[in-house]
Amino acid sequence: MTQTENIVGKKPTHIPADVPKEKEAEYARAIELVTRGLGRMLLFAGDQKIEHLNDDFGAADASPEDADPEHLFKIASQAEVSCFASQLGLIAKYGRDYSNVPYVVKLNSKSNIVPVSDRDPLSTEMVTPEEVLKFKQTSGLNIVGMGYTLYLGSEYEAEMLKEASEAIFAAHQNGMFFILWIYPRGKNVAHDHDPHLTAGATGVAVTLGADFVKVMYPKLETKPGDEKAESATPEEKGVAVAEAFKEAVAAAGRTMVIVSGGEKVDAEGFLQQLWNQVNISGAAGAAIGRNVHMRPVDEALKFCKAAAAIIFHGATVEEAKLILK
Amino acid sequence: MTQTENIVGKKPTHIPADVPKEKEAEYARAIELVTRGLGRMLLFAGDQKIEHLNDDFGAADASPEDADPEHLFKIASQAEVSCFASQLGLIAKYGRDYSNVPYVVKLNSKSNIVPVSDRDPLSTEMVTPEEVLKFKQTSGLNIVGMGYTLYLGSEYEAEMLKEASEAIFAAHQNGMFFILWIYPRGKNVAHDHDPHLTAGATGVAVTLGADFVKVMYPKLETKPGDEKAESATPEEKGVAVAEAFKEAVAAAGRTMVIVSGGEKVDAEGFLQQLWNQVNISGAAGAAIGRNVHMRPVDEALKFCKAAAAIIFHGATVEEAKLILK
Amino acid sequence: MTQTENIVGKKPTHIPADVPKEKEAEYARAIELVTRGLGRMLLFAGDQKIEHLNDDFGAADASPEDADPEHLFKIASQAEVSCFASQLGLIAKYGRDYSNVPYVVKLNSKSNIVPVSDRDPLSTEMVTPEEVLKFKQTSGLNIVGMGYTLYLGSEYEAEMLKEASEAIFAAHQNGMFFILWIYPRGKNVAHDHDPHLTAGATGVAVTLGADFVKVMYPKLETKPGDEKAESATPEEKGVAVAEAFKEAVAAAGRTMVIVSGGEKVDAEGFLQQLWNQVNISGAAGAAIGRNVHMRPVDEALKFCKAAAAIIFHGATVEEAKLILK
Amino acid sequence: MTQTENIVGKKPTHIPADVPKEKEAEYARAIELVTRGLGRMLLFAGDQKIEHLNDDFGAADASPEDADPEHLFKIASQAEVSCFASQLGLIAKYGRDYSNVPYVVKLNSKSNIVPVSDRDPLSTEMVTPEEVLKFKQTSGLNIVGMGYTLYLGSEYEAEMLKEASEAIFAAHQNGMFFILWIYPRGKNVAHDHDPHLTAGATGVAVTLGADFVKVMYPKLETKPGDEKAESATPEEKGVAVAEAFKEAVAAAGRTMVIVSGGEKVDAEGFLQQLWNQVNISGAAGAAIGRNVHMRPVDEALKFCKAAAAIIFHGATVEEAKLILK
Amino acid sequence: MTQTENIVGKKPTHIPADVPKEKEAEYARAIELVTRGLGRMLLFAGDQKIEHLNDDFGAADASPEDADPEHLFKIASQAEVSCFASQLGLIAKYGRDYSNVPYVVKLNSKSNIVPVSDRDPLSTEMVTPEEVLKFKQTSGLNIVGMGYTLYLGSEYEAEMLKEASEAIFAAHQNGMFFILWIYPRGKNVAHDHDPHLTAGATGVAVTLGADFVKVMYPKLETKPGDEKAESATPEEKGVAVAEAFKEAVAAAGRTMVIVSGGEKVDAEGFLQQLWNQVNISGAAGAAIGRNVHMRPVDEALKFCKAAAAIIFHGATVEEAKLILK
């Protein structure tokens, strides 16, 4: 296991050149707020009510509290997370009652009804950056960033590349940061969890000027006959993925990498994976969503605290696990 | 039968954060007007002259009065309904002669000629929110809200999500409320009356920031061999649907749910169903259209009064039925 | 034969609510001018040079004068018609030499080359309402209205509904009236001359706020075995169609119905049909095009005079026929 | 041979009604300049570097001088032509060194790579009329008109009709004239050289308000068994085509017709055909391109002079031929 | 071997007529800076992180330094290149730390995931020229030009022709130069390395007004049985290609031709080919990308120096090779 030099500590904020002089302080404050000045991030992503419809919220294994959209805000306002990302409309509905939360407005979303086999994914802006700014100015909410999901390799890639690129520019011009969700997807994408393709995606993110990039954690395919890979322990396999993920972190350059998902694991497995991502791969942190809001508030808070311990406080997996209990 | 705590009484108006300070009073007045301050709504929906062409108005079982578009306005101005929703052009043609009506401008519409089997539905704005505002300012009519039909799961979903989202924002920015008609429809939608999918739809509505969401009432499919379901009485079946519909009401959060349609029933059956929707499911009320305007004015007024009794005055089904006579 | 109460006489002008106060007088003057204050209209439609290319103008049975586009203007300036509708470019080319004509600018047009079997019809604005206004202001011509052709039921219906709806709003906002040409057409339209579908179309027109709607005159299909229909005299058949057309006139409400085409008949047959349309169906009048401009000027003038006698002066068919000679 | 009354002589300039008062003088000067006040035009069309790529310029039978784009400007500045039409970018590259040339900016172009069999032609504006105006104002060049190619009958006709129509309006509003290149083309166009279809095209041009229309010269198909046509001399055939072309000239009304191409003939054949077009059909003149720039400068100048003699000076074919030598 | 008269020496800068008077000095300075006043250019093209994803950067034969995007900037700031072309976002991320570099903002990009066999290429603007200007004004970076990739012959050609054409105009209007990347590509393009087609492409570039055009170096296909071609030495083959490429340089006229790629060769082979391109074909220089950034910084600097020796200093191939060591 080769741990990177990714030790928790103050990191300088590189202010991009498309942030104008008079917006530099505002941009720096926003970055400082969500990264704790450490170049780290624990994103609470709450855009699933469109992306997954009611599949998460009405699920058999979800807490009944999760049926009510307000549940998301209760967690966001109390948990040790960097910020809460959701759509403008939902934030408008509940934001004033949870005004301590740093909000990130997710600009686009699509439902999960049209499958890739029918049509390559297209998800376009539901609000423009200009509308987000107007919202920020008139709502009094603490809106610190914007976000966008880009389906790389979709036949409609051009439309999304344009929207993402211009939105990043608009965010920076107005002193806000930007999180790019980027997923290779479409009929021409065979292996969307391939580590090299993931590095392609994070490279696109830095090229577009995103401050943070949220990607799926890669999966390694074991080649038939590769005895070493086949006989690896789960720990060894976990390390192997984290090593492979280094390519994506390197390709992202100054853009901080946030990992979402990966193989479904229980809470403890999640913490181990997170530790690997941050300490082996060099990622900035994680995005959490379903794993958190499907739990009752008190459990959700503990889960976030444990993840934050690894991301922000240099905790070991064992130390983090203690928090869960 | 588990009745919800959905007792008629004053309910606080949550003013969304995208309503600017100087528009809050106007927004609150509009909501108060149509909900009677009770969090309830009886919507008179009159967009059928495009959506159904002349099928309702020239129907054999429709009152001859219904052949004339003015019939809609006669009802709207006298009936105990919250507001009348129609297209800008029709409101412009008759509105000045029926100036006591609170109007909701439906932004989009499509005819019923192109079937889903030929092409997924696309219904786009026929007027922009800006044009509605101009109309409101220069006409002197009491225009309190806007509406839009969104076909969730259509291949053209992205275009409609954008228009709906931006229109909601524009309405709020100008002190008006918004009603979202939302119907899952398209070649990838097999069961558009599924209760879980309906909850997905109402969840989308709150995420877009809609104040009201109008959905089709679910239907339950009886699984072959489910003896309990097969042997249920009509009353038991009605309760079962109302219970299943709770998921959608919960998913909608602060967005008030208005039910349209459902299984075709006679006036008395309609009242029973409405009572269930409001008192079991927790819905805010109903949208009525064909059921009302296909009747002569005096019958239409009685029908609305009976529905209003359940929605606004806590009437029992029996009490409401008496009004019909 | 049931004649309607459609007696020639002064009719009040309903000024739509989207005409602003300061434009009401201008709008009322325009309506008064073309309807003679009678709620009637004889439209000279001259958009065929794009819609039919040179098929009408170079036809074997057309007057040689018709080969020159100026022929249209010679007729328009001398005939007893309400107004002349054509494209902006053509009006610009000849209008200053025929400045007594009230002009209606037709916003869109398409050629007849692409058949419906290849692609559903799409006809979009060639000039915007804003450009028409600029033209009106700088040309000094008497431009009183705008027009648009909408192909209801086309797969591209949404685009045309939007353009028509917004153009009507723009016309009204600026004191001009609007004529909607509306034709059900597309691969999903089997019977475009069905009286019920025609009523759907006129219902769409009033819903969009059009002041006049131009539709094709219906055709009745005789069901095999319907002995009464099969044995009907031509006169009886004519009355039956006029009766069936009442549905469309009713559905149009305050929007005045103008009939175009119908079964090809000679001049005398045309006058009988026109009399039926106005006096039985309750239509406001007719649109004439090919029937007029394919004749030499003097014959065209007589033809218009005969039609005007029925529409504006309550003439009988026999009285009108005398004018032709 | 029926010669028209198309005798060379001063012709009045009809100023279209969409040219505002304050731009009338500028428009009239531009028309006077290119028509010599005679209602005639010899257009040097130089848009081939996109339309034909390097096929003309690198051709085996082209003069080596033609390989350099500057060759076009050398000819344009010395030849007796009305004006030179090309794309904005090319004019910008060389125009300051050839500032005596009256320029016409061709707004759209497409390459010849995608065949009609693959997709109906679509050629859209590469610069807007507003950009041309800005160019005119800041460059100091003598830009007198704009041009556009419209593929009538293409499935994308609507898009091109709109662009052409609005560009003509914009040109006139700013005192410039407009040349419409119009070619029927697409999978639904079987005979693009049919004289009647050509008349349809010129009719569209006048309806859009174009000042000049450039069309392909028709071809006559000899019906099998038509002995008279089969036994006709080349001279008789030439006259027959010129007679058939009268329909297009008539349909164009006040729009001046410029002929391009036709059957490939040598220089002398070209002059005979041109004489027929002008003196029999009544055309305003010709567009020349390849026929000119594929020759060395001195030959090109003679060729233009010969054509100009027929168009502007009433020369006979024999007189014109003498100039070539 | 026929060497052109393309001797290194001061060349006059032709300022295009779409550069306004008050921007002429700025434009001339930018051209002078990147061409050294010699009409020559060595472009460092760094747009691959989107165009090739991570294929170059994570390649087995790439220097490990290349994994970090900052590597590109280290080279750009120290190497003897004319300027560095990349996307706005990437320049914004690192530009302030490498402020001595003259930057060219590449407006569009696409990933390499969707193959031509699935869909013709479409690459649209990710930022507009107006945004680049805003970036230039507020960042303080030395942004001297813009660039765009146009896929000639793609079914989406029209969209790209428009964007390229308008961007060139916008660049010139604001005193910046423009580099057009132009590649014939699409299902209708069989031989994208054909010299004649390449000349078509460079002809399009000058017609759009580009200052520089970057094309792929042609390949010659040996016809079966052409003994002379088959028996040619590599040197003779190299000269033959350079001769064939003259057509493209001629067709480009005043637009300077920059060559990219060509057959994969080693560093020494590259220098020979470059010498041929400049001295035989008459090209202005070369674009380098992968060949440079896949090397460690010191090797990359030597590579650029050797290329610059040929382009700017008239070095022989032998002289240039010495620099590599």
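Each chain carries a letter (A, B, C, D and E) given by its place in the written order, and its residues are counted from 1.
One rule holds for everything that comes next: contacts are C-beta pairs under 8 Å (C-beta built on N, C-alpha and C of every residue); 3 or more make two chains touch, one makes a residue touch a chain.
As the structure is a computational prediction, the values presented were derived from the model and not from experiment.
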Given subunit B and subunit D, the chains that contact each of them: C
Chain labels contacting subunit D and also subunit E: none
Cα superposition angle of subunit A on its copy subunit C, in degrees to the nearest 5: 145
Residue-number overlap at the subunit A/subunit E interface, same or different (half cut): different
Distance between chain centroids, defined by C-alpha means - subunit B, subunit C (Å): 37
Length of the line joining the C-alpha centres of subunit B and subunit E, rounded to whole Å: 59
Touching two or more other chains - residue numbers and ranges from subunit D: none
Footprint of subunit A on subunit B - complex, ascending: 14-18, 20-21, 152-155, 157-159, 161-162, 164-166, 168-169, 172-173, 184, 186-189, 196-197, 199-201, 203-204, 206-210, 247, 250-251, 253-255
Residue numbers on subunit C that touch subunit D, as the complex places them: 49-50, 53-55, 57-58, 67-70, 86-96, 109-111, 113-115, 118-119, 122-128, 131, 134-135, 138-141
